[in-house]
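Handing you a structure now.
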Amino acid sequence: MDDIEIEAVAEVDLSDPVFIEGLPGVGNVGKLAVEHLIEEFEEATLVRRIYADVFPPQVSIDEGVTELTHAAVHAVETPGEGPDLLLLTGDHQAQSNEGHYHLTDAFLDVAEEFDVEQVFALGGVPTGELVDEPSVLGAVANETQLDELEDIGVEFREGEPAGGIVGVSGLLLGLGGRRGLDATCLMGETSGYLVDPQSAQVVIEVLQDLLDFSVDFETLEERAEEMKEVAAKIQEMQQQQQGIASDDDLRYIG
Amino acid sequence: MDDIEIEAVAEVDLSDPVFIEGLPGVGNVGKLAVEHLIEEFEEATLVRRIYADVFPPQVSIDEGVTELTHAAVHAVETPGEGPDLLLLTGDHQAQSNEGHYHLTDAFLDVAEEFDVEQVFALGGVPTGELVDEPSVLGAVANETQLDELEDIGVEFREGEPAGGIVGVSGLLLGLGGRRGLDATCLMGETSGYLVDPQSAQVVIEVLQDLLDFSVDFETLEERAEEMKEVAAKIQEMQQQQQGIASDDDLRYIG
Amino acid sequence: MDDIEIEAVAEVDLSDPVFIEGLPGVGNVGKLAVEHLIEEFEEATLVRRIYADVFPPQVSIDEGVTELTHAAVHAVETPGEGPDLLLLTGDHQAQSNEGHYHLTDAFLDVAEEFDVEQVFALGGVPTGELVDEPSVLGAVANETQLDELEDIGVEFREGEPAGGIVGVSGLLLGLGGRRGLDATCLMGETSGYLVDPQSAQVVIEVLQDLLDFSVDFETLEERAEEMKEVAAKIQEMQQQQQGIASDDDLRYIG
Amino acid sequence: MDDIEIEAVAEVDLSDPVFIEGLPGVGNVGKLAVEHLIEEFEEATLVRRIYADVFPPQVSIDEGVTELTHAAVHAVETPGEGPDLLLLTGDHQAQSNEGHYHLTDAFLDVAEEFDVEQVFALGGVPTGELVDEPSVLGAVANETQLDELEDIGVEFREGEPAGGIVGVSGLLLGLGGRRGLDATCLMGETSGYLVDPQSAQVVIEVLQDLLDFSVDFETLEERAEEMKEVAAKIQEMQQQQQGIASDDDLRYIG
């Protein structure tokens, strides 16, 4: 195997597609969001698999059949006027510093193969406490994109996220911007302690406004309810154990 | 030296050989099994050595003479109707993430050089407690292999092993499957705390059924008896030290 | 992206430029010094950006717009008789052993592209205690440079800094010297616990003498005052907490 | 710089030279031995420097002048009938797994450039306690070398050193043997806690017998005396501190 291999699974004819990434990260917000889109757009087609020796040396197993660790790109021909979608997700980030760069370059090669001009990196930004109504923070590779995003409620806060954006999401903007693509990062506020379907939903809602599509949120809302119950139970247990409890005492639960 | 070098030690003429891997891992089940096969088939011939800079920078010493760390492939012309065997073992896994990929590719190159169409990766699956009658769990790269294995008692359990299969064993299925080979992982149940010759035996018994050969188990059974005594002594010591003891308190003993 | 990419941002015509490096390090002395020079020479022009996959996989964010991690080279045409300046700074060192070598080679490629014959690496040398009047220690790649530096007060002390000089600063001398460049390291004494603008100032003062330029120090002096107040407050807090306090108890504050 | 660079410093005409390596390791036995040979053979000529990006990114400083980390090969034309010598030493081992392989290959390239047919790797083998009269253990790449070594008192003990030989010394035998060179490792017994000039001396004495040269040991003997005093003082301090003391309580002092 080459260090990185892009496997063409199917060919589709897309109109002006945008590329949307959701790999594992804070609150799994990006991954939940992209997986939800793939589920809701029933006609989503797996078009590319990306294998890389910077992924863990591992196979997953489904009903006894193994699958080599990879990232997957699904194509969606949206019903409305908006652009078609290329949806990237997977179970792993790269396992090395250099690997993040090389993997992101491969993802951008896929995007450019489909004549993508706009890339979205989805993720979560940790707030350290449970959030009732999460906002969506933004960052862009290209200043000209700022106004449209602010108009639909994406927030740009000085110095946030502290430390910039790391991993594939950050590099999609850094390397994508250098390739001349419009690259945007949308980050849902999330505690940082729990998988957060609610934050994934607000991020998708921003995409809906921007890209003129519409999906159902019932399954995400159900999972958000479940996570709220989990959070409540943990807080209760902590109150019993410690006398006092605060949101900050929550440990991350994936 | 190149990053990976395959040294041809001898050439043999094999009929429809299968490739069987047993490198160090949980309970050393795979390595014990393959080493037992090499011992029992007295006519086993060393055919290839694989050197790699992702192995530890180390030589072993036998009666004053050093040998560079490597993996070895032995060929066995089986007496019966079944396929001939290529048996891979060694003292080490790769020392880096990428190394697992490159090394597995080299092993598959050897397999394909001998026109192998079927690959077996042998290993152990940890249960966390001592097992009296270990089962053999399976995983396959290719769905069509499932029925034959289930018919002879290999178990396929949803969600096991949790976390998939890592290292060379996992990648033999992941990368071997991508090359179009039939690749199967056979995992003997084992506590995970002790070297487990009994688990190695049940794995070999599955191979015997599948590949129509037959070996003696006397030496493995002796070693299994020894390990049972070791386990009993450890439990006794722990009971004396701690008042109470459970299987879970055992530490791994290689 | 290639492993390392040098982006030409602007072209300038410089007369006999010297190359001055100030990346993050002990007391951030080198980075503070070079950033001060870039601020004070208002006509400084960004001429090169150096991207590398051994930098962290990260973008920084300024008013919502991202920038891929890189090192930057600014050019300054000095008003006086002295040589022009190429000023290298950035937010990160390389993240791997080999990366330091490859990155330093790229920096030297930039220097040689501008026909540089003299390289300065700026940094701090930790003393372990607060220093009232920091000296500047030196090290050179080429023995012939020693006299001129000693004449203007740069100190060369046997066995200092202990352990030699590591990272890009060390390699600029090691690799620069091998290329036949005159390479000098100037290290301001600093506690090692605090960012040290005063130490940065004494390092710049040596450069002024050597290179015949002159800058204002008001902003550095203000920051030095602030850091002295920070140090005083920390010592006070420690005295309250511990009864006794010594300089050695200070923790590093970046 | 290339990943590894061999710099030709001088050319010499040697008769049947042998290659002797002494890099840092247990008790620094190998490095002490080779450095002693370089000192005692006053006509030793520096012939090659080996630079590598797997060495630490570092320069050492001598009287203000820096030197890039490297390994050095000195040539000695011995006065007697015995073979001439190529003496390899340096301040560092490789910093990565793969680096040990690539660096050793470079060292062997130098050896073969000088038509070397015999390689010696010098080192220490830890005993865990202070040794009054250290033996020299051996290991060889080629069985035919065993008898001559046993005849002059080199010991070959089953299972020693446990774990084989790691690092450059091990690979000189592993990779050197694969190149068809006669490669021998000579390991002086040493506590493993202290730099051990006495152990270095007994290793050199074996070389003298084998290679028919003779050096003075006064300086090594003086250093051995000093180390014995250091050891005695440490034991005394430990007895005062702990009531009881044993050799095993010594910490390593480089």
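Note that the chains take the letters A, B, C and D in the order they are written out, and that residue 1 is the start of every chain.
Just so we're on the same page, a residue touches a chain if its C-beta (ideal position, glycine included) is under 8 Å from a C-beta of that chain, and two chains touch if they have at least 3 such contacts.
Here the structure is a predicted model, which means the values were calculated and not measured.
Asks: What rotation angle, rounded to the nearest 5 degrees, superposes the C-alpha atoms of subunit B onto those of its identical copy subunit D?
Replies: In short, 90 degrees.
Asks: Need the CA-centroid distance for the pair subunit A / subunit B, whole Å please.
Replies: Spacing between the chain centres: roughly 38 Å.
Asks: Just the number, please: Cα centre separation of subunit A and subunit D in whole Å.
Replies: Roughly 54 Å, centre to centre.
Asks: Using the definition of touching given at the top, classify the network of chains in this structure as line, ring, star, complete or other.
Replies: ring
Asks: According to the definition of touch, which chains form touching pairs?
Replies: Touch list across chains, by label: A-B, A-C, B-D, C-D.
Asks: Spell out the residues on subunit C that touch subunit A in their complex, using ranges where they run on.
Replies: Touch list, subunit C to subunit A: 1, 3, 51, 53-54, 56-61, 63-69, 95-96.
Asks: Using the touch rule from the top, collect the residues of subunit C that touch subunit D in their complex.
Replies: Where subunit C meets subunit D, its residues are 94, 97-98, 100-102, 104-105, 138-143, 146, 156, 158, 160-161, 163-168, 170-171, 173-175, 177-178, 185.
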